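The structure that follows is given in the form of structure tokens.
Labels A, B and C are assigned to the chains in the order they are written; within every chain, residues are numbered from 1.
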Amino acid sequence: MSYYDFLFVIEVLVGGLLSGVMYSLVAIGFVLIYKTSGVLNFAQGSMVLFAALTFVSLVERGIPFALSLLITFAVMVALGFTIERTVLRPLVNRSPMTLFMATLGLSYIIEGAAQLIWGTQVHGLDLGIDDTPFEVGGILISSFDLLAAAIAAAMVAGLSAFFYWTRIGLAFRAVADDQFAALAVGLRLPRIWGTVWTAAGFVALVAGLLWGARLGVRFSLSLIVLKALPVLVLGGFDSILGAIVGGLIIGASEKLAEVYLGPFVGGGIEGWFAYALALVVLLVRPSGLFGQKTVERV
Amino acid sequence: MIGASLGAAAYERASEISAILAVANPVGDRRLARLSSRPDVVLALSGIGISFGGVKALSDVDLEVEVGEIRAVIGPNGAGKSSLINIISGLYHADRGRIAIGGQSFSRVPASRLARLGVARTFQNLALFGGLSVRNNIACGRVHTRRASFVEHIAGLPRARSEDAGIAEKTDQIVAFLHLESVADRLVATLPYGLQKRVELARALVAEPKLLLLDEPMAGMTATEKAEMAGFVRAARDRHGVTIILIEHDIGVVMGLSDRVAVLDYGRKIADGTPAEVRADPAVIRAYIGTAEGENGEDI
Amino acid sequence: MAVQALDAARLPVDWAKLVQKLALATALFVVAYGVVPAYASGYLVEAILLPFLALSLAAVGLNLLTGYCGQLSLGSSAFMAVGAFGAYNFNLRVEGLPLAVTMILAGISAAGFGVVFGLPSLRLRGFYLAVSTLAAQFFVQWALTKFGWFSNDNPSGVISAPHLAVAGLSLDSATGRYLLSVTTVMVLTALVWRLVNSATGRNFIAVRDNETAARVIGVPVLRTKLLAFAISSFIIGIAGVLWAFTYLRTVEPAGFNLDRSFQILFIIIIGGLASIRGAFWVRRSSLSSRSFCPGSAHSCSAACSIRAFST
């Protein structure tokens, strides 16, 4: 392999890792909710779309950037809170499968609502980030991707700090550990669920802005949920670290596969490659790379 | 204090060493071979150990169960009783030790072959098929005897029909034996708890097992229900000759029902003998003093 | 012999119920084979009954897997696609293959795929399995678009369905396609009905309700799951053939997308998991609800599904 080939591999790899961060960004929203309430929230993708659409529509109506951000945040918090109250709380104690299908239905409702409120046209979203690639040691890196990764990293750090050092964060971890024990020591589960849905709304906002800026704000944006699912399966539904590492692995291997495997099978493999990869890993480790391995109690 | 904990540490260490020795040591295996070749021993465990994370649920447990006996296993909460039954039925895999069932020796019992090995069980927490009627739940207990394929079932071919008829007959017998006639066609999930427990016993009995494992079959029952259930357990042994391992907290039931009693505490077997022997055993008394259940007299 | 005689004596035949059932079945036949072909308008048949029948059949198939056996699948329309393309290719490449055989072979191909993509169910449960069934969805759609062989190297990728005929009788008219559809659906539904009420069906339910207990009492859990995948995919595959051959009249991968899979899932949720009749009721009501909120039929059925849970 020549030096330039080598550089090219590195370039592909770095590009893949950076887009992997974007996958993790969506996956983390799932993990937050799954860890505390055992719900695989399929509506996370629609929440991302809803956030991006709300923000871009506000900006287009001449509302300043910061204010739009604030309003969108408020809307997302309200949305998360409402979902928790109206859909999930009445369904508490139902099987995880029932809850999942409820969120699946929810995703269509949110999309329908977004369509009704904001219409169906595609919006461009300019976050004012310069997207000229720059060169480091002979490889090209997209500055947008780099910044997006930095924002994602900052958000993960912020969330971790929140969950490690605040009282409510402590409660969150207690609930994630053992719901019944948490209930027994008097933690108020509904308040924690409320907080978690709020946090998930916030994550959706960040993901919505970054993905929206990258792809344009359009309805297919909600399909990034399909990118997040294999990441979750790989990392385990209940591990934030897993979501991050899973995202990186999928991002990198997907790009490498596209470049080196794609040409042999006619390309277009990015739709299923991540799933195949996740599946192979799962068959070896049925609860993902970082999911807890437990012996079922009988 | 320090002395005690040092002593405990030393004891731990010693038992670890002996556990390792038990693995390497062919004497244990030979003992098992001898036991499992004895026709009157239905089940023999030797040197069973299992841990979950840091918790040693069982360490170095031996147990022999003879044909036709009702063998109680008692102990405080978390003593490892359910773990023991789960290891025998292949749902947990022991880290150490061997299990011999009717002459065949395993380090891991294959759960999917359990029924054909002649072992049936009930669960501490109900494990019925909520979407099936009582009769169909019980009929499932004989699924291991079925041979007809799904095509034969859809087409209603003779083999499928005769299997169905045979199983229906056995089911009816058990339904009558356990007095379940009046609820036989109800959805099992709609029954009160005590009856569901009884259906689970029926599902195990219909398989006509040689060895029956009962994990707290009377837990949560009223005194009358308990007495009734105890009657069924005894009748199952007396009429069908099935050997029974019984986990039960109610000491009155245990003493009245069982031939021998093994006592577990913190994963170790601390006593094994007739009810009278066990009751007088100082180690058993010590184990139970101070546990919450020791306080209300009747239950241990 | 003696036992059977006893049984008969103990169980008096419930004549009222039997008559009721017979009357219902007769009414169904009269409507399906008499009233509809004679009086239904072309629009009713083409735009409503044909998709209704195909999707209902798919829902019956998925219900077997998800409702009865408890294995959540998000890739149903992939199996429809395999069935549709299978039927197209068998018809194209084997001279003079009777339609019924074509359909059965297509169903068998779908069943084969179902078993392959059901293999993960042996190790995975719940969401992990559900996500892995998405692999089937995306892989099949990709393969059918990517490899021209499947669509006979047709440049547009959209191929028209072959002529339909049984025993020399052309079924290309709307009524003919309807008769083919309704007969297939009735036969398969009847077979599924027998299956779920047999010992095999009870094994499905046992695995769904308590896999551990099922294994311990000797239900062959792995075999049962794969069988559920196979039979379910067989039926969904044939539903795919109906969808492409009788309703759309074209065979194309695009229609068999994730949305279609979710649609089938919604049908079985609203109709009631583990209820065969439900598959038909809902399909009808969601068709009528579409006229109220055009463009977002999904939101409607989604709303229904959530309401169904809350009650």
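To be clear about the criterion, a residue touches a chain if its C-beta (ideal position, glycine included) is under 8 Å from a C-beta of that chain, and two chains touch if they have at least 3 such contacts.
Bear in mind the structure is a predicted one, so any value in this text is a computation, not a measurement.
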Chains touching both subunit A and subunit B: C
Label of the chain whose CA centroid is most distant from the centroid of subunit B: A
Averaged-CA centre spacing for the pair subunit B and subunit A, given as whole angstrom: 46
Subunit B and subunit C, separation of their C-alpha mean positions in angstrom: 43
Whole-Å gap separating subunit A and subunit C, where each centre is the average of the chain's CA atoms: 33
Per-residue overlap in subunit A, given as positions that touch at least 2 other chains: 296, 298
Where subunit B touches two or more other chains, by residue: 91, 123, 127
Overlap residues in subunit C, where contacts from two or more other chains coincide: 212
Parts of subunit A lying in touch with subunit B, wherever the complex brings them together: 295-296, 298
Complex interface listing, subunit C residues touching subunit B: 3-4, 7, 191, 194-195, 198-200, 202-203, 205-206, 208-210, 212-221, 227, 231, 274
Subunit A-facing residues of subunit B, complex: 52, 82, 86, 91-92, 123-125, 127
Touching residues on subunit C, where the partner in the complex is subunit A: 72, 120, 123-124, 126-128, 130-132, 134-135, 138-139, 141-142, 145-147, 212, 258, 262, 265-266, 269, 295-296, 298-299, 301-303, 305-306, 309-310
List of subunit A residues in touch with subunit C within their complex: 40, 87, 90-91, 94, 96-98, 100-102, 104-109, 111-113, 115, 226, 229-230, 232-233, 237, 265-269, 271-272, 275-276, 278-279, 282-283, 286-288, 296, 298
